[in-house]
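Look for subunit A in each of the two complexes below; its partner is subunit B in the first and subunit C in the second.
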Partner chain A sequence: MISKIRLIIQNISFIFLTYGGKLGIHLGYSLPCFSCPYVGGCAGNCYLMALQGNYGFEIAAADVFSTWGERALLIFILFLVLFMLLSKLWCGWICPFGTLQDWFTSLRRKLGIAETEFSWKTRDRQKIIKYILLAALIIIPLCIANFGLHSDFKMPFCQICPAKPIMPLFCGETRHLSLDFTNSITLSFTILSMVITGGLFVGIFFKDRFFCMFCPMLALMHIFSKIGFIHFKKSVNTCQGCGNCKRMCPVDIRDVYLEKENKDVLTEDCMLCLKCIESCPGDSVLSVKFFNLNIFSSSRKYLADKCGRLHGK
Partner chain B sequence: MENNIRHYKIQNRVRKQIEKECMDKIESLKSRGDYIDELDPFLNALFFSIHPDKLQEKTSRPVVGLFCIQAPFELFDAFKLQPFKLCGGSYEAQHLSTSKLPALACPIIKSTMGILNSDDHYRNVFKTIIIPTTCDWVVKFAELAEYNIPELHFMELPHIKENEKGEQRWLLELLELKRFLGKIMGIRLKRKDLLNSVNRYLAAWKYFNKLIELRRDNNISALLFTIIVNAFPFMEIENWTDTLKAVIKKYEMYKEKIKHRAIFLAGAPIVFPNLKMLDLIEEAGMNVTADDICSSERIFPGGACYDDTSEHGLMKALSDRYHKACICPTYADNTRRVNGIFNTLEENGINGVVYHVLKGCHPYDIESISVEKKIKDRGYRFIKIETDYVDEDRQNILTRLEAFNNTL
Partner chain C sequence: MPAPDADKFCIHEMDYIWIEFKKHVKEKDGSLTQILRIRKSKGLKNRTGLSKFYNIKAVYNINREKEFYRAPIQYRNNEAEIKITAGKTSFFKVYVFVITETINYIAETSFYVFGSSKNPIHRDILRTELDFLPNLKIIYPEYNYWPQTGQEFKFLLGSDKVNFTVNDAKVIDKGNIETLKLSPDGKFSYIPPSDKLLDLQGISAFKGNILYFRMKSNNKITKLTYTLLLHRSRFANLRLKHGIALFVGTIIFFTFSVLIARKRSPVII
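Moving on to the complex of A and B:
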């Protein structure tokens, strides 16, 4: 039931955020998801663009208290409000780029191809990458604005983000799938972008939510996750450790399974897809709450009914 | 020659005694007021627990002997094999094995060996025997029962569940089991067959869950619940599920609830026809409305739900379901077992735990000490009953259980 609702919301969000602009809708520059601004007619912009651009860290120190600074602050506050309202549901339920990855996963499953596995150690090592990307997309614009770094380094993350060449394809735009020979910087960026995009296609086909493991938006969200209204709780004393949560997690989070003391299990890679809650056979062992209001809890009966429906399919 | 004749005579006599023991138990169950005819297929299947040859005839599938609950039933089903749970419950069968075993041997092992020795033909019935290394008794079973090792397939059980090594080792064991079954059957496992089998067992779990709900509501007695679950490894899964559906339907209409005091039963397996503990608990005025016994509720600790429908993904789901989800005391860190007990006690308002230990069943005995402390610390009543398959201690146990009931 929940997975079906999620699928519907994901698909509607994808269409809305990709084509909504054509109907004159624009939700601003603060969206906490990969609604790519390079898509002609998108219904809102990914906040990472603002963060690394003129409404973020590309403001010179002298302009911090000018209207540019005010705007940047306003956009950031709006990002925070949007994030606090839905927390990481943005990633698991709304992000169009996440939905695209889920389509590839569905295709792989239909073909009966096994998902690629990473060892626990590799998975731990990967976690740092998204913070490095986040740091880069803050430091480089600061250097452009204040230390004379070449302006072709502008929007460093967007220049290598695989969403930039891929998402505009849904509007028939292919121009970002090309090399820019203007100078060595633009050429390097576009070559890197093509390599990452090619690697991403392979990655998202063989691994669920491959890109999300490196997504700097998740890193940014995690910094503010404590102030979000959505909480993901585990009743540590009633978990029987069946491991379903770990196995069903698209990004291989094992903390929910292993946690025995801390009740808050919203980890840095979690995108609240709720698959772990759906597959938990313990009544109310896992639950997601809006403040103290229960949105969805694990239930043995729910899982049994879901499993029962698989027979004959 | 004379020795052979004597051997066959003893074998014949004990075989008849085993059959009588089973038939007597079946008759006593059938004569209960709450017995319904829909349960007949389960009792018929339980009769096969002492006749692997007849089970083979009935299902027309090669039979695989199986210890414990760690080898995935889904895998056998996918290979069109019929599992036969070797863990024996017959007291009479022990007459054929006592002389070959240490004095304080596990009654389950004694009984199993006795059943297998009750007919020389039985050894040839099994296509193979699968032994997950859960305890020393099953590890040494081959040696004690004088089986040739190549006839058997051991699955080395990692005793630590919550680390990557344990997880991977068990998955490798399952993949090796798949290869082994493919080899002895001369076929290659098809992904679709495995998927269908997993789905069949998931459907069975759904109805098993409904049965547990009935049990929690005191709609079905522990004895009848146990025969349904005990019959599980001797029936074809869709047949078991369909029969269970019919039973649930009937009991849902059955308005009269069991008035006995609800208790939780933990500990060693209870295997047909030795249902002594359940008989005595009932006689003492209590009803087991929940348990964590591997021959009962724990036969399905949860569904092997999956997302990845590739063969590897399904094997991973089975690996987790039969390893991580299992709370057998053989594992090193088993705090989650106590979590499960507390959870069930709280949810169902049960305040007494009867802990069943079979003399010689070491893992359950060892863990009883820590479980007892934790349960008593939380303010619940706890009693440990140590017994085996003999009938002589019935009165003694009954008196203790009645006294325990008075404290609840």
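Moving on to the complex of A and C:
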């Protein structure tokens, strides 16, 4: 049931955020998801673009305490409010690039191809990459604004983000698949972009939510995760340790399984797809709450019904 | 960013004034000021009585409205500058002119300024008519993210109040002079060529090419320049086939790598 609702919301969000701008809808520059601004007619912009640009760290130090700084702060506060309201639901339920990855996963499953596994060691090592990307997309614009770094380094993450060449294809725009021979910087960025996009294209086919493992938006969200209104709780006392949560997780999170204290288990890679809660056989062992209001919690009956439906009983 | 070598725009045989784009300044209240420098060709500098800027006037209008405003000219180190401030996103058309007995020297340009302030900006409205200003209409290409090299611009010269004939139309691009072509529809057309220096300078770099028109009406000559603000082309250097080839090649490479790794072990790394 939850999976179906999620799928419907994901598809509606994809259509809305990709084509909504054509109806004159624009939700601003603060969206905590990959609603790519390079899509002509998108209904709102990914906050990472603002963060790297004139509404973020590309403001010169002298302009911080001016209207320009105020506007950047306003856009950041709006990002925080949007993030606090829905937390990681933005990733698992709304993000158009996440939805695209889930379509690839569905295709792979229909073709009967097994998912590729990474070792835990590799998964742990990968976690740092998203923080390195986040640091780069902050430091480079600062250097452009204050230390005279070449302006072709502008929007460094957008220039290599795989969403930039892929998402505009849904509007018939192929331009971002080109190599740009204008100068050595533009050429290097476009070569890197094509190699990353090609690699990720393969990655998202063989591995669920492959890009999310490197997504700097997740890193940014994790910094503010404590102030979100949505909490993901585990009741350690009633957990029987079956390991379903670990097995069902599309991004290989094992922290929920390993957690031994009654605390929030919303980890940095979690995108609140709720698959772990759906597959948990313990009543209220795992639950997602908005403040103290229960949104969805695990139950033996829910799992039994789901298994029954799967086996046609 | 100023033109790399402004003197290259000074052609000895021709006398004219032109507007050069300088930097823009972000003000504390969110408004934005574009600084423009008034320049004279060497030919004009040599003319008696025009060696100084004292008789130059500058006006501008906003968002193609009819009202004109005075632009105060600031003199510094033998240079004349005007500053145009915008509180919100506005389109400015600026005219600088020197009127003599026989020749009107007019320099014109137009540009957007993306201000973001709620504070009102004081403007000095002009009450007198400016009949002598010719109407230069610029027809921009359909895709106009910003004016850029490699795109075709068309120029239509006309005036409701003065009859004149255009007897010279040129474009000056860093010392190179090219005669503008007149189309059968009465418009001049110009495709600015790619500029390697502009390509190297970065996405925010720009330059100003000068369009020069010499017009005659009754016994008076008008020498009009228009500074066409140009950015580098966004499309000229894009190679889609190269990009797709690299993209597909990378997909093939990684697919084979993953398949080989999966054959060896279910956990690939």
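Quick note on the criterion: the second predicted complex is superposed on the first by the 310 of 313 C-alpha atoms of A that agree within 3 Å, B and C clash if a C-alpha of one lies under 4 Å from a C-alpha of the other, contacts with A are read in each partner's own complex, and residues count from 1 in each chain.
Basically, a residue touches a chain if its C-beta (ideal position, glycine included) is under 8 Å from a C-beta of that chain, and two chains touch if they have at least 3 such contacts.
Quick caveat, the model's predicted, so the values are computed rather than measured.
Applying the stated contact rule after C-alpha superposition, one finds that A:296 touches neither subunit B nor subunit C.
Once the two complexes are laid over each other on the shared chain, residue contacts for A:71 go to subunit C alone; subunit B is not touched. Judged by the touch definition given at the top, the superposed model places A:63 against subunit C, while subunit B stays out of reach.
Contacts of A:179 after superposition on the shared chain: subunit C is touched, whereas subunit B is not. Of the two partner chains placed by superposition, subunit B and subunit C are both touched by A:119. By the touch criterion defined above, A:194 reaches subunit C but does not reach subunit B. Contacts of A:279 after superposition on the shared chain: subunit B is touched, whereas subunit C is not. The intersection of subunit A residues touching subunit B with those touching subunit C, taken from the two complexes, comprises 114, 119.
Interface residues of subunit C, counted against subunit A in their complex, comprise 26-30, 116-117, 199-200, 202-205, 232, 235-240, 242-244, 246-251, 253-255, 258, 261-262, 266-269.
On the subunit A side of its complex with subunit B, the touching residues are 109, 112-115, 119-120, 237-244, 246-248, 257-258, 260, 275, 279, 281-283, 300-301, 303-308, 310-313.
Taken together, the subunit B residues at the contact with subunit A in this complex read 161-162, 164, 167, 191, 199-200, 202-203, 205-207, 209-210, 213, 301-303, 305-313, 316-317, 320-321, 323-325, 327, 335-337, 339-340, 342-343, 347.
Partner subunit C is touched in their complex by these residues of subunit A: 60, 63, 65-68, 70-71, 114, 116-119, 122, 150-152, 154, 165, 174-175, 177-183, 186, 190-191, 194-195, 197-199, 201-203, 206.
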